[in-house]
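Note that subunit A is present in both complexes that follow, paired respectively with subunit B and with subunit C.
What follows is the complex of A and B.
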């Protein structure tokens, strides 16, 4: 969406508020409900789409503070877009300290209002001029990323094989990037530790793949990077995470179909072609992995996924796997493979799994 | 000992209780023998703390001391001769704690209390709206001269012995009528205390009518003979048309706060809204409590005892002392609410002869008679012996002493415990200036318009306040404690016979009927207070919301101006409109 159209939307919304206020009415803003309860898994598109539930924030004594903050956040966004500037979420929080009584006391408050504004206009927060703090993820492998120099605008070719023991960092905005690669698949990895091991042993070379470290739940930029790369180069995406409910329903599911919190953006920030390599509950048995008992939060998360997650509800295979895990009462980390030797993951586990990609969980 | 409680005078109690102690020693010096004092019909000739017409009340025609003489044995008379040797001052010194002079600060309070009570009684009996001035002047370290001046009827010389010479006579003895003077033993004791501690006489200035001359007397008490001696009687210039000024110099300590003289006078002003009171404290500061009602309290009528309230010892004494010649006549003559029919029924149930001579009945028959009374339905006693303050007057009285945001008062209908009529009044002052919100409420207790300043914990009033359930009315209350908050609670119990827990007469006994009446009075007030507090909370919330609107709406206006580039005028309009809209919606 072009910058001018974002400003136009902000102005339209503000104008509605202003007119209704001047007319002596109570103005209101209608926000999409941002929760898992208001998303549907669209199997043909391969991601969560937003259902129609909206919450109306009418200006009352009880909502006047949040109302004022929402409008101030919109004003800040317009100012940023007009000036072609950006503010991190943290910076936006600090800007609010000028708002007197309407200031935010903690950053989570400002993040929530920012997410509301984003959902209100159905845009990406980057389009509003706000960028996240967190890193987008790291990349290693036979890939050339085509970027531009921020100062001169000159084209840059970044060869991801040339980072040695380091890695290429995914930038916050990836829409302008181009790719060149001869790799055959993308391997998205949960932990930086496992990523380091694979990089150190040149696994991308032997397996002819691109390695991406997500560092927990993938950021929007990371999701978008993988999506664009996979779409443009027609690569399959395999996901290698811990064998626990968090790895499955938070990390993998968010990467593949998006989140309930910003469902209007899932269309862009999802990787529908992703498949689950491991660690599956069955792997724990097949590879005789050392385990830890599931904690109460794990069990709650697993049961919650079975009950409320439209994605899990769509796939019998996932319901079976999660039920199996609950039944086993244990979880296993990626590093648990080290029990059979440090490079067992490279020499045995990954090759054996990749030989049967058709068996990967959806 | 049950009979002792019937006595209304400290002096009297003191002797009854002293049968085994030192007090007995002095008894015969001034009083008929002990048994006579137990006889309620043995009227004491005059009430020394009362002046004027009221003084003669008490039924002297019944033959003072007649019963006593009948009992007095020869050996008792001999004893009496010996005991005469013991001086009244020695007695006083040994028993000062019972008389309210146990420490120097209480001595000051008691002295002023007695003088003020005297003045109030004198004015009311003469039908004069009382105006009283109290002065406490320090003359040396731990020594003060107090002066209490009233606009009462004045005293003539002949009355002086009555007032200052009858230290150990009972006052208002067994007259069933609401009266003050339940607290101490009269101004005579105060005069005695002053004389013993400073050697100075009591000085009295008095005028009985505008045309009469004002006299100044100085009175000493002969502590050997317990007789007053007028050492000075001179005519003086005095601006008051009528009234009395009593001055006593005494060893004492002045304290402030609860239980102080200052406190007592303020409380007295509350309970006596018809009183005009001014006070000059030892520091020279002036306090003035204006009169808030021009109506004198309705004069309480004396009533005969109700049969339900009579106890065995008293009944026996009454049987001995009565002039009636038949039991049937005795019952009708000596009790209220007993007519011929009721008397018949009592006698029949008691299985006694109606014509039996009262004097001939022994202990067993008296007990039968009590059973007869208990089994007979008798109408509740008349309540014209009560003189309530009144809800309106009580509230007005409170207002002149306490600065608070909310007042409420209630005066309940008369009720009866053990055959004694009584009546409870209560008042609350909420949001009292200077009272912290997180401390316990202050409780002010009154019996027959006299503040009770000691033994709060033992008092039925305190128990009822705690039991009233203040949480229902929006107040915090810890278990077993007074409620918390800037609250002053006043409770007045008026009765011809206020039952005190002990001789010191500072705590009301916990009869179920009394507890209930107090609780109901407080709950009545509590409901009013609860409404007020809830209303206050609503207003506070509304104010907070209003502030809320005022602090956030401008930011909405500002944001709209930033986004839409509004003019300042347009922004102001939007802010005003929005504020109005929200204010309006809030009130709906």
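What follows is the complex of A and C.
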């Protein structure tokens, strides 16, 4: 959504409140309910979506503080978007220290109001000028990122083939970026070590791909970056993570369909075109990988996924793979391929897997 | 140290072992003892240095496995350096799975042997071809990094003014990088959020500096990057962290003088030219910052620093500052400056502080 539309939406809501108050009525705001109970799995769109339940916040003696805080947060957002500025969640909390009685006492309070405002306008936080605290996500390979110089506004072309052993670090907000690429797929990688190996050996050149290092569970900015890039350039996304329940449920599942407790955001942050390259439980057998026994927490996570995860419940192939892993009782890391030689992953594993992308887990 | 010197050193050690074995003697290797007891604070060099205690590993029935593992690790290092390749600690562990009886059962075993080899040759792990798992450290501002294309070997000039809202991500190993800059100082920043704000507003342009985001406690690569850049270009390093015992002891102290349990590395990874810009306890008063009460763990950390940290014990100014913080009973984050407006940090705080660098804590 363009900045002007966001400002327009904020103004519309604010003037409804103003008119209502001027008419002597109690102004109110209606927010979507943000909880798992108000979520369904949309197989067509490929992510969790919100159902229609709404909560109403009406101005009364009891709600006056929360009501004021919501309006102040909307005003801060308008100010940020107007000025093309940004604020982290933490900064927004500190800004409120000058809101007199409406100031927040703890950051979780301001985060909740920010989430409400985000859901109210049906946009993501970054579009309201609020950026996440954490960074994460490095990129190397056949990609030119189009950005602009923050000071002069001049267009910048950032060529991700030209960073040597380094990489392009994804900014906290990626809404304004453009892309040019001749790559044929995006390879999203769990560990920085594996990413560095593929960069060191110019793997993206031979494989004609874009390498993205997620560094564990990908940040919002990293997920949004992959999503926008994949959408705009029509690229498939292959995900290369450890062969364990964490890699499957926490990293891959979150990247692909989003998470349950932030369903109003999945529309923007999920990557429905993602497919699971490996490490699969079957890879552990086929490539004779060194393993570690599943820990109790791994087994619990795997069983939870089978029992409660709408995504896993939708795909027989995932139920089979997770059941196989529980049966084997072991997990394997992506770096375990080094047993066959440090560059076995480049010379053998990835080419063999990529020759049969149709076999990738969904 | 050049790659050829590393290989030469490895060969020398190996041939001593070989000659000794050929002569029917028991071969042995002598390692520096890596512990706090074998460390002193060198005020001139500005970091912890190793004393002379050594441990000897002689080949006997009881030590045969550890001895073989050390030699195999040396051989792996030679192979890496010869091939201009790299291995993470994790990969090195997995490579050992093909060493038959000499294979490691758990990664801590292989890490220890790697640390021994590192200390044995008096070089850092990166020079032996071993790279850390974790990444970390983003750079923006008046700096050109000289790297080479991994595939073609062609020189690359990476202009850190040209990343827009993004940044240059520091690679895991930085030994080979060159630098060109007209900046007058390096500003090392604790949080990604603050870094993003300074990037967004082109702060490095007006202040003529290089911005480095540490993302909490800086990684080895990030520390080494700052050190090499500061050394080669004669730049002062100003450190901007949260005003709490963690920011002082864990982030700033580690960056500046290194850590106790890896004293054989401090020579490479410390940044003796670092000075503490803020947030100081006095800043909390002078800038009327919103605070949080010190937690028990904060108080413990602060008292430990006063009692046990040779660096703090060396500087009266630090003892005074830490004592002042304990007395105030509060801490403040760098983002607390947002209370006075989101860009107060740029318009007021940093210029005022930088006008008196001579007052920075040592």
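Methods note: the second predicted complex is superposed on the first by the 246 of 362 C-alpha atoms of A that agree within 3 Å, B and C clash if a C-alpha of one lies under 4 Å from a C-alpha of the other, contacts with A are read in each partner's own complex, and residues count from 1 in each chain.
FYI, a residue touches a chain if its C-beta (ideal position, glycine included) is under 8 Å from a C-beta of that chain, and two chains touch if they have at least 3 such contacts.
All figures in this text were calculated on a predicted structure; none of them were measured in a lab.
Q: If you stack the two complexes on chain A, which partner ends up touching A:109: first (subunit B), second (subunit C), both, or neither?
A: Once the two structures are laid over each other on A, A:109 reaches no partner at all.
Q: Contacts for A:85 in the overlay, against subunit B (first) and subunit C (second): which applies, first, second, both or neither?
A: second
Q: Answer with first, second, both or neither: which of subunit B and subunit C does A:97 touch in the superposed model?
A: Only subunit C; A:97 stays clear of subunit B.
Q: Examine A:347 and indicate which partner it touches, taking first as subunit B and second as subunit C; both and neither are also allowed.
A: A:347 contacts neither subunit B nor subunit C.
Q: Which holds for A:196: it touches subunit B only (first), subunit C only (second), both, or neither?
A: Second partner only.
Q: Tell me which of subunit B and subunit C touches more residues of subunit A.
A: In the superposed model, C touches more residues of subunit A.
Q: On the A-aligned overlay, A:61 touches which partner chain: subunit B = first, subunit C = second, or both, or neither?
A: After superposition on chain A, A:61 lies in contact with subunit B alone.
Q: Let me test your reading of the model: by the given contact rule, A:164 touches which partner, first (subunit B), second (subunit C), both or neither?
A: second
Q: Does subunit B (first) or subunit C (second) touch A:336, or do both, or does neither?
A: In the superposed model, A:336 contacts subunit C only, not subunit B.
Q: Which bits of subunit C are touching subunit A when the two form their complex?
A: 85-88, 90-92, 94-95, 97-98, 131, 133-135, 138, 145, 147-151, 156, 158, 162-173, 176, 191-193, 195-197, 199-202, 205, 213, 215, 290, 333, 335-343
Q: Over in the complex, which subunit A residues touch subunit B? Could you list them?
A: Those residues of subunit A that touch subunit B are 10-11, 14-15, 17-18, 21-27, 59-61, 64-65, 67-69, 71-72, 74-75, 78-79, 99-102.
Q: Can you check the complex and tell me which residues of subunit B touch subunit A?
A: 545, 548-549, 551-553, 555-556, 558-560, 562-564, 566, 570, 573-574, 577-578, 580-582, 585-586
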